[in-house]
Amino acid sequence: MEKKINIGLLGIGRIGKLHARNLLCSVPNAKLYAVADPYMNDETREWVKAMGIENCYEDPEKIFKDDVIDAVFICSSTNTHAEFIKRAAKAGKHIFCEKPIDTDLGKIKEALEAVKEAGVKLQVGFVRRFDHNHKAVRDTVASGKLGNPNIVKVTSRDPDHQPMEYIKVSGGIFLDMTIHDFDMVRYLAGSEVTEVVAYGAALSGAGYDQYDDVDTAIIMMKFANGALGVIDNSRAAHYGYDQRTEVHCDKGCVQVSNDLNNQAMISTAEGVEIAKPTWFFLERYNDAFIAEAEAFAEAVLNDTDTPVTGTDGLAPVKIALAAAKSLKEGRIVKLDEID
Amino acid sequence: MEKKINIGLLGIGRIGKLHARNLLCSVPNAKLYAVADPYMNDETREWVKAMGIENCYEDPEKIFKDDVIDAVFICSSTNTHAEFIKRAAKAGKHIFCEKPIDTDLGKIKEALEAVKEAGVKLQVGFVRRFDHNHKAVRDTVASGKLGNPNIVKVTSRDPDHQPMEYIKVSGGIFLDMTIHDFDMVRYLAGSEVTEVVAYGAALSGAGYDQYDDVDTAIIMMKFANGALGVIDNSRAAHYGYDQRTEVHCDKGCVQVSNDLNNQAMISTAEGVEIAKPTWFFLERYNDAFIAEAEAFAEAVLNDTDTPVTGTDGLAPVKIALAAAKSLKEGRIVKLDEID
Amino acid sequence: MEKKINIGLLGIGRIGKLHARNLLCSVPNAKLYAVADPYMNDETREWVKAMGIENCYEDPEKIFKDDVIDAVFICSSTNTHAEFIKRAAKAGKHIFCEKPIDTDLGKIKEALEAVKEAGVKLQVGFVRRFDHNHKAVRDTVASGKLGNPNIVKVTSRDPDHQPMEYIKVSGGIFLDMTIHDFDMVRYLAGSEVTEVVAYGAALSGAGYDQYDDVDTAIIMMKFANGALGVIDNSRAAHYGYDQRTEVHCDKGCVQVSNDLNNQAMISTAEGVEIAKPTWFFLERYNDAFIAEAEAFAEAVLNDTDTPVTGTDGLAPVKIALAAAKSLKEGRIVKLDEID
Amino acid sequence: MEKKINIGLLGIGRIGKLHARNLLCSVPNAKLYAVADPYMNDETREWVKAMGIENCYEDPEKIFKDDVIDAVFICSSTNTHAEFIKRAAKAGKHIFCEKPIDTDLGKIKEALEAVKEAGVKLQVGFVRRFDHNHKAVRDTVASGKLGNPNIVKVTSRDPDHQPMEYIKVSGGIFLDMTIHDFDMVRYLAGSEVTEVVAYGAALSGAGYDQYDDVDTAIIMMKFANGALGVIDNSRAAHYGYDQRTEVHCDKGCVQVSNDLNNQAMISTAEGVEIAKPTWFFLERYNDAFIAEAEAFAEAVLNDTDTPVTGTDGLAPVKIALAAAKSLKEGRIVKLDEID
């Protein structure tokens, strides 16, 4: 039988349940041993039981203290990530942490320092790196067969608005939404972003301007390897989750279009209809969530580097802060200016 | 919590394991309560245990006799299907049976008679009906918005040859492989096949002619509703699993291309490359296997008709026998001639 | 400057005007020297003049007798083709003749005999061979890089019904419409058809059955090289001109989809819309008409074989007659039975 | 017969010949009456004769002075455009002028002033507006059915490097190449650009940096209507002419992919190959060149506005100058700063 790592999962909300289900059913090299959540309620407790998870706690310490547990999945709210990382590191547990580690650079660095001292592994949940499409783009670029990257492009549009109560506390589009794309461009380019310039606008009429936020943005960037990049974002594409990437290199281009709901084409005198893109991240990135958990377990079992490191957790936050500064000040911002 | 039916699974080979894993992980309205296999060995027993299945037997009777079990999944070899259906029906269990029920029309009819007498539900495992692509074609046709079907087309090519030992006992291409497509054309046309004419050839050099079989076939057919149909088959497409369907109706056409491994396009001076179709049925139809199990459980829970009935299990076998007769005798064969 | 052949064009109806315009504007190695049409009227005469064509006759003999003319384009009605071929051959003119040469095998053979005796070149107007899409399929097959052809498929659907007065005298779907597809399968397979079996139906309600004709057909065939083939036809696709071909070979498959009006994709919450196929043969095959004329002129100038010979003119008529016989008699018909 | 305008064409180089051939063969409402070129040589004179053009001059004045001529096509080198426009306007001729009018804003304005005073029509040769793909994007946006534009994207990559001698005197990428895209974004957005910020790099190793030029660029812009835009450019895509546009609006997105050489797909065990995009502007925009000439003639005949006005000729030059300034100074540049 396959070797498995024992996992304690912290925070059993929407994303926690998603990881729990995957760990139980689809990740062969991991066993979900326990879950803990200070806000555990009866409904959740029943869900945990019905899923066949053996141990269900309110107190996270029960997980940190249990020697049978090899690693933790931190799926609680963002403001608890840095603290949980430090505690898990101290307890000698390997760590999978949902993105972002924090929105404060100082707290991120403290957490990364604790990980380094403890010598445990850390993987940050930038799940899109494990998507079959984006990975195909990155693998093609990384293979070198197209030469060096020249232009890196990411289109990333959510299907529809989040509730305005969420937007109010989201930290702004760059830290909340574009952060995935900032990770993606680093992943695709294989190089660090050195400067950015951002345009943004509240065009939807949904009220983003009330919170000094935007629903539409384009961000241009330079990479250390000389390549140029651009991301375009919309909070509400309406036709589905629009997630396309493209890298133009010395010798050619690799690009991916969206996964569609199906491959049907209906042709009549009135026109030709094809299927819409998959609706949102659950539909589009479900297999990627499984793959990232499997990769984490594999890194632990084989004692190799995780595929998304602490550095990968820190860098996109810096870029997001730079983009926000650029938008606010109406100028190009060098990453050196941040922190 | 959701209501679940208790399932006993018979035959824990490749397809049995596939269903077992889906029932355990992905089918919310079913619980895999027990598995039974007369050829149970230690390795399989360990697999069953590791998957967390509570009851593991050699004797199928333990399943038929257990009152807690609502339904059986018959995943054993084809020659056992009819007998297991009769025993399950007698025991009052609802039945999901892998395709085909049998290759002998008399045995199929006996089994269906037993099901009818017992008043239990039967669903036959024509899984492709639950594929997102073919279902989109069928739903479009069935909606009537394109008018009546005129031409029904199915392309169905396996990625590579099965071992010749398998081919030797397979019953021939029409009963072994095209049977899925005979089900598909009935499903798409919404009408019964009334006559067929088949062309076939052994072109691959792999030796099908030794067993009086073919690796390449085209079969033309008429439907009771006046539509015409055609299926083309190859045992070895090499580029992957080629599974396309198309229906041309009074007012237009609906067609589906293949699912691809990813949506990447790589463009260079040498040419433009896209991804291959998914490799075989496990990759292409995994979600469909989940959907068919879920639909079966739902039919049992709601006491409604199953989506693939005993009639649907019988008809494709008759068409396959007619096609084989057509190929052998070099003439058009009416379905009336069979049985 | 390029060398040009002098052309006399016979029959200045719709297809004659199409060739005339191409010869004048787009075929660099040909000069349209004269046109002749016994039914020449004032309007046509003015059109000829406005196009800058120097010589305009009623009497075809003026073309046959003029030594400056190297070749004729026969664009008159089908029943005049064979006779004009014989007269042109006698006059020592090379011949481009619109398809079909005739619908009577005896007349075709006489015409081909005259061509052979005179030692002039003959090209028959199977224009689809010069289409960029079908040619890509054929060139891939002919290159041998995919091995031998196993399955040849042609989908050929007209956008909408012809007037019933036309259908009445058309000779039936196989001689009028499918004849292009019978040429296409020979071209793609690189082999002769040895037997056919045809299904047909009048499903549109437009009245084809009044004339013992059908609007929907599927025809299956065998080739001398062992490959199998299938054509499906509809008189009224409604969504445009559906012209797709596909050849599956030992090592893989080459297929072409339709040219579309444009590459636009419009995505909204309601769905995703793409452009329809080009409407009919003028839109789809205009470049092919130019290419076939250029290829004819080149064969004349270089004294090489024409790309579509007299044999290519005869064979599809035989297949069409066999298909009609098959449909009428409800059986497989061998080509040997024809003629 | 159709009414035609008489055209005198100035400058019979590559682009002049292209327009001449189209006017002769494919533009029904225009007659190419004369061509003039001070650098006329024997070869060109022969070409003109062979094409059947009646009048061939060295002196452009012969065209300006001939009362039978309604309009001129200015196809000479850019530095002569403004002067020829002024002379043609004075002579009362309508004017089609290849892009750009000039690279000097002062000279452009003088030319436009002369046009205005003379009351003649002027159309500038931004041919891509007449491409079936880009036009489909623009027409969808302009119809208003998707709401207001939010994001306008243009990808524009040439297939391969121009000779370095050409680059040296080209005026830089923004004035030479991106100028088409600056026109395109105005056309698609239906609004004026108000500010730009440009990134550029010489990444190909072909030596653009010697001339203070770049081969790779991304330019971000704002429009008066609130929309944001981005253009990405490469001088050498290698896989063909990459010309894609996309507009995301309030209710959805319209986008176009490239025209391909054909619709073939070749699938084998090694992979799946499709055709490359058409090679360059002659292949991609040939029909657009015809359509723009036809539209010009129509505007003259019907006394309506031309579809690409003097304002449309001026604006992209201003944007190009702003982009160049942005790249040089490393900052966002408002269009107000130019001129």
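Note that the chains are named A, B, C and D in the order they appear, and that numbering of residues resets to 1 at the start of each chain.
Basically, contacts are C-beta pairs under 8 Å (C-beta built on N, C-alpha and C of every residue); 3 or more make two chains touch, one makes a residue touch a chain.
Computed from a prediction, not measured in an experiment: that's the story for all the values here.
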{"item": "Taking each chain's C-alpha mean as its centre, the one farthest from subunit D", "value": "B"}
{"item": "For subunit B placed onto subunit D, the superposition rotation in degrees, Cα atoms, nearest 5", "value": "180"}
{"item": "Distance between chain centroids, defined by C-alpha means - subunit B, subunit D (Å)", "value": "57"}
{"item": "Chain centre separation in whole Å, for subunit D relative to subunit A (CA means)", "value": "42"}
{"item": "Separation of mean Cα positions, subunit D and subunit C [Å, integer]", "value": "38"}
{"item": "Where subunit B touches two or more other chains at once, by residue number", "value": "237-239, 242, 251-253, 265, 267-269, 275"}
{"item": "Complex interface listing, subunit A residues touching subunit C", "value": "237-240, 242, 260, 265, 267-269, 271-277"}
{"item": "For the subunit A and subunit B complex, residues of the former touching the latter", "value": "1, 24-26, 46, 50, 52, 132-133, 135-137, 140, 146, 251-259, 261-269, 275"}
{"item": "Residue ranges of subunit B in contact with subunit C within the complex", "value": "148, 150-151, 153, 157, 197, 199-201, 203-204, 216-218, 220, 222, 226-230, 232, 234, 237-239, 242, 248, 250-253, 330-332"}
